[in-house]
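Taking it in order: structure first as structure tokens, then the write-up.
By letter and in written order, the chains are A, B, C and D; residue numbering begins at 1 in each of them.
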Amino acid sequence: MAVNAAEAAPQNAAFSTTKWSRAWQNHAPGYLFLLPWLIGFIGLTVGPMITSLYLSFTDFDLLTPAQWIGTANYERMFTNDRNFAAAMRVTFTFVLFSVPLKLAFALAIAMLLNRGMKGLPLYRALFYLPSLLGASVAIAILWRQIFAGDGLVNQFLSIFGIVGPSWISNPNYSLWTLIILSIWQFGSPMIIFLAGLRQIPQDMYEAASLDGAGKWRQFWKITLPLLTPVVFFNAIIQTINAFQSFTPAFIISNGTGSPINSTLFYALYLYNEAFSFFRMGYASALAWFLLFLIACFTAFSFLTSKYWVHYDD
Amino acid sequence: MTTDAHKLTVVTGAENDPSARMRKRIVSVLAHTALISASILMLYPLLWLLAASFKPDNQIFNTGIWPTADWDIDAYFRGWNAMRVSFGVFFMNSFVIAILSIVGNLIACSMAAYAFARLEFKFKNFWFAMMMMTLMLPGQVTIIPQYVLFRDLGWINTILPLVVPKFLAVDAFFIFLMVQFFRGIPRELDEAAMMDGAGPWRIYWKIMLPLSVPVLVTAAIFTFIWTWDDFFGPLIFLNRMQDYTVTLGLRTFVDSTGESDFGGLFAMSVLSIVPIFVFFLIFQRFLIEGIATTGMKR
Amino acid sequence: MTIRLGRREFLMGSSALAAAAALGVSPAWAQNALRLIFWGGQARADRTYAVTDAYAAAGNPGVEGEFLSWNDYWPKLATQTAGGTAPDVIQMDYRFIVEYATRNAIAPLDDIIGDLGEFDADQLEGGKVDGKLYGISLGANSVAMLANVTAFEAIGEAVPDNSWTYADIERLGEAFKAAGNGMAAMSDGSGSEPFLDNWLRQRGKALYTAEGKLGFDAADATEWFAMWNGFREKGYIVSAEDNALDTGAPETSMVALKKAALLPSNSNQLVIHQSVNDDTLTITSYPRIEAGVGGGHYRKPSMFFSVGGTAAEKQAAADFIRYFVTDPEAGKILGVERGIPCNASVREAITPTLDEQSQIALNFVSNLGDLLGPLPPSPPAAAGEIDTSLLRVLSQEVGFGGRSAEDAGQFFVDEATAILNRAAS
Amino acid sequence: MATSIQLRQIKKAYGDVQVIHGVDLDIEPGDFTVFVGPSGCGKSTLLRMIAGLEPITGGDLLIDGQRMNEVPAARRGIAMVFQSYALYPHMSVYQNLAFGLETAKMPKAEIAQRVQRAAEILKIEPLLKRKPKQLSGGQRQRVAIGRAIVREPKIFLFDEPLSNLDAELRVAMRVEIAKLHYDLGNTMIYVTHDQVEAMTMADKIVVLRSGVIEQAGAPLELYNNPRNLFVAGFIGSPKMNFMTSTVEAGALRTGGVALDLGRDVTGATTLGIRPEHITIVEGSGVKFADLTVDLVENLGGQTVVYATTRDGQALTIVLEGQRHVEIGSSVSAYVDPAKAHIFDAEGNAIR
């Protein structure tokens, strides 16, 4: 049966098949939904981002116009800046330890809280409290109360006859007090894990327990695989945050990164370069190198995600 | 195989077996013990903060957790009126900014997330990568160009620089968060709606959003807490004390070169946590009662 | 308004939303009120606002004040300066005045400030950069040793007077050790820039020369670190670990934490430290290197008021500053919170109104005698960086045993020279 | 008035991977067409392309003679019932049914009327206020169908709608869907991997394999005249018996026995005989094998015999009624030559 195109055309005018209108039909809704973000991105984000990229090739002291100096900032970063090296070391240690521990902790608590036991909302709120406090001045003071030489930790250790150091002011341990602070504020990933756990249909567990799978096996075979999109999200976000971690060190060391640069986080160093020493150009270079580092990590995560992240669609 | 059949089997199995019941109880006790001891750790800071807000200034750092002398609520009155502008004004300002930010973030970010998660369009991957990139640049170096931009727009000293970006989905975190959750919603629901004649807008509004209540609430809670806690934006863009937010007010209590009113700081810190805590308590139940996708077969 | 970050640098950002500008709200300072910004705590704010109120009540333009903590102050001021929206009256620190002045971020005041009355010459001098007046000192102060009177009484020792020497540190160190109450004689001063400066000046040297070069050599620095090593090893001063608890806030000082009886500080800090300490505090001088050797101290402008380089009403701003430092009534409100007033008549007017601690501070600064040396030249622009990122870090490295005194001395001089050269280029 | 559907060289590719290879198919108005085939054969993809859920890579889709390739799903006049039912979990049954009508901006009164009617047809009136999670599997199934009915579409599509139900419900729903088709008379396309559903419900069965139509036609046409080995094996239960054969001197040899089918058997390599067409009583056809009985199942109405030929090929025989067959005994198998199928080396039927 031959198709009579001419006959079909009039009724189909609304869906005319010219290339342009087809493209419009296919892509327009996506762009319409993206529109607010696109406006924000192009209007508010791209400009400042490109500006900072430009500034990274300049000597800019905030007070006088920027001077183009080529790649000098980047050269200095890698060849002649021992603080940069210190900041890299501190930040990588922090990322390496705080992120996995925080995520494991958040997931463990979220699993406990997802058991449907009594008093759940209360527990949930309590566990979220530390995160509500943020990195306020009050936290800085509290942390000293806990980790100073005569602080809570050492009072506890002295029960066993151990004389602990002043953790927070000893360069060997000070970073660890901040790692503990980061882990302690596990509220955000916990909430996200909880929301993720809620999306796992209960009948999956019922089916699994009928099949004789124990809790441990259920966790590895059902919970974790189905939770991978959320794990993936939390891992990416927490890593990015850890790389950019600023406020805790800023508050607790009063912006100095002391003792002996042992808490000189990358972002703290960057901030000091920008606003304490008026080297916005150099700070911009530092920022773009950090972006490069994080982007490498994120791209790697996305590339490998197809092997371990399971989406429903 | 129906779900009901499974439930039946599981339940009868447990009830008929006393040792299983016993085991269940032991597990429950263990879980509670773990949770309670963990909660004490969590609770310590609040207790400390609370106690500190009732101590005279010179006792705050030298004594144990509880006030040795009389309890003293003077710090609350002192703190509330310390700034010439009452803290009530700061609370109001913070509320306005937080509520507007929530509205903006929920609308704009969920729209963008829907586009990324469900719609097909050209250069999608490119835009997604761009979106992720905005997460990665430390904010300290874009604040100056942003300041210049908002100055040219005449927005300095208004809340516009703090609120308008939220309506333009500048917080990529939330887009990414929602994308991950939208992808967990079975695609057949979209398709069913599509067959029912619904366009992208109606699917977004009538299917996606109602099914995403848990993640929307999560985003709302985070937005509230983060805008409430944010100080860098308000610090840079607001110049008049009567426009200050709570966090900015709190920070003016403490100056490392001068006299700090720690009593006032702690008193106001305690008060400043109350709204976020209440907000969290109210909305967290949606995290759990969220419809999720039970009732769907997968 | 000038745009310091020019459009060329800014590229496309602003154009994209230029249309929206029409809808924008005009900035609040469009009215005639002067904008004043300062760092400090509530006490300072209360006094400052009382003066601005009195100023406005006298029929002058209103002054809209904003205050921030030290840490928040500088990023905000830098951002506003970069954006060309800096306030009219800016509180300025000794450490940053050269930085801001050489970049025209603050305006010269010679022609507009008018008659300041009997104003201390050394304080006026302190506000000059390249011979032009950029900041009006809001008060004089001097380095001073904070002393816990109660602690000294407890072990039966007298609080050192202005004649004490470094040798006394050993004597007092032994005395406090013998008391065994966990309190050392003094906190670790090896990372304190003013302390090092004071020590160098007594030796006839200086931290920086007038040309902005380093005023001492590696041998001096080595000796400095070695001296503190000696004190630390013998337990005369607090351990490195304890000292690192001090983040610079009064509440975290070794005296506040009752770990040391003496703390290198400033004369105007006595009031603050007393407010967070239930023991009785006083101040005395920094130790002399030998009995009778003076010249280490000087009267330093504690902070300045400057006029923003882009301020529209520079004259009005200068008028307000003049009122602030010369009006006796304003002086009574301000007291010595920002240091000892520099105007003689104000000083006279307020003396009877001061509390005990303020009296001590005023007397100390007024009666330095042979301790008083010449005013040093303004520090070079990179001084702040050398202080925070070099001296403090090195002193901790030595303190924790990560570096020898010799190593640190040489390193300090090399790095500081490099930083100075980089800043100068 | 019922609607016709034509597929003209329909192709589908995901990147370089082609999954539908130029399908041609005419579906007559009012027909109940069943797409059947093993999983991964492309039957669901084909259905989704007709629905408008998958873009068509090549070829033309015509509905009532009009090209529909670019027309959005909602404008094709089609309703679809999903395998997972895809009921909106946050809406009540009523809202689920009304959703499509509300989308079409139908007046409230009319919506209520239509929902009521659909609910009556499907006997789900008492459930209208419930949420999907409060329904049993069969009830969900009805609601899913109801959601399709209320919109009064020209075409119904079913994507394995019964695969989540237990056996008993499946049979019951099968009957209901068939009855629904009879009552409404719409064009319907039904996808399943279950050939019993296909046989019982279809006006026309389309057998797919690897994105190609192997055969399309009426159920009995496919049963009686399968075009190739695949179709022959797929349609009918129990499965057709296949025996390797050779042709010697114009006669077919299989299992050590030569048999005469009375037609040309040149090129035949496989003999196919349905279990129900084999008898073990002499004189009821030509003998084609000697067997040893391995197992006997007495189903009451039928007796199923599993046996092995002399050269070791397995054979299933379905005998009518209750028959006594001794396990281990030897029997001979007979078939009506007209009901024997032969296939060449490529698997194509030789007629």
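Before moving on, here are some points about what is shown:
The criterion applied here is as follows: a residue touches a chain if its C-beta (ideal position, glycine included) is under 8 Å from a C-beta of that chain, and two chains touch if they have at least 3 such contacts.
Here the structure is a predicted model, which means the values were calculated and not measured.
For the criterion of most C-beta pairs in contact, the winning chain pair is A-B.
Innermost chain of the displayed assembly, by C-alpha centre distance to the whole-protein C-alpha centre, is A. Averaged C-alpha coordinates give centres for subunit B and subunit D that are 53 Å from one another. A straight line joining the Cα centres of subunit A and subunit C is 38 Å long. If you average the CA atoms of subunit A and of subunit B, the two centres end up 15 Å from each other. Contact of a single residue of subunit D with at least two other chains is seen at positions 72, 75. Taken residue by residue, subunit B touches two or more other chains at 1, 3, 60-61, 144-146, 149, 186, 199, 251, 253-254, 256, 262, 292-294, 296, 298, whereas all remaining positions touch fewer. Shared interface positions of subunit C, i.e. residues touching 2 or more other chains, are given as 5, 10, 13-14, 17, 71, 75, 79, 82, 247-249, 251.
Contact residues of subunit B toward subunit C in the complex are 57-58, 60-62, 82-84, 143-149, 151-158, 160, 231, 235-236, 239-241, 251-262, 264. Taken together, the subunit B residues at the contact with subunit D in this complex read 1-4, 186, 188-189, 191-199, 202, 206-207, 210-211, 291-298.
Those residues of subunit C whose C-beta lies close enough to touch subunit B in the complex are 3, 5, 10, 13-14, 17-18, 20-21, 24-29, 35, 39-45, 49, 64-72, 75-76, 79-80, 82-85, 87, 247-251, 256-258, 271-272, 275-278. Taken in their complex, subunit A has these residues touching subunit B: 23, 26-41, 43-45, 47-49, 51-52, 55, 62, 109, 112-113, 115, 117, 120-121, 123-134, 136-139, 141-142, 145, 184, 188, 191-192, 194-196, 198-199, 201-204, 206-207, 209-210, 229-230, 232-233, 236-237, 240, 244, 246, 254, 267, 270-271, 274-275, 280, 283-284, 287-288, 290-291, 294-295, 298, 311-313.
The part of subunit A that touches subunit C in the complex is made up of residues 42-44, 46-48, 50-51, 54-55, 58, 60-66, 83, 141, 144, 148-149, 165-166, 168-171, 174, 250, 252-256, 258-261, 271-272, 274-278, 280.
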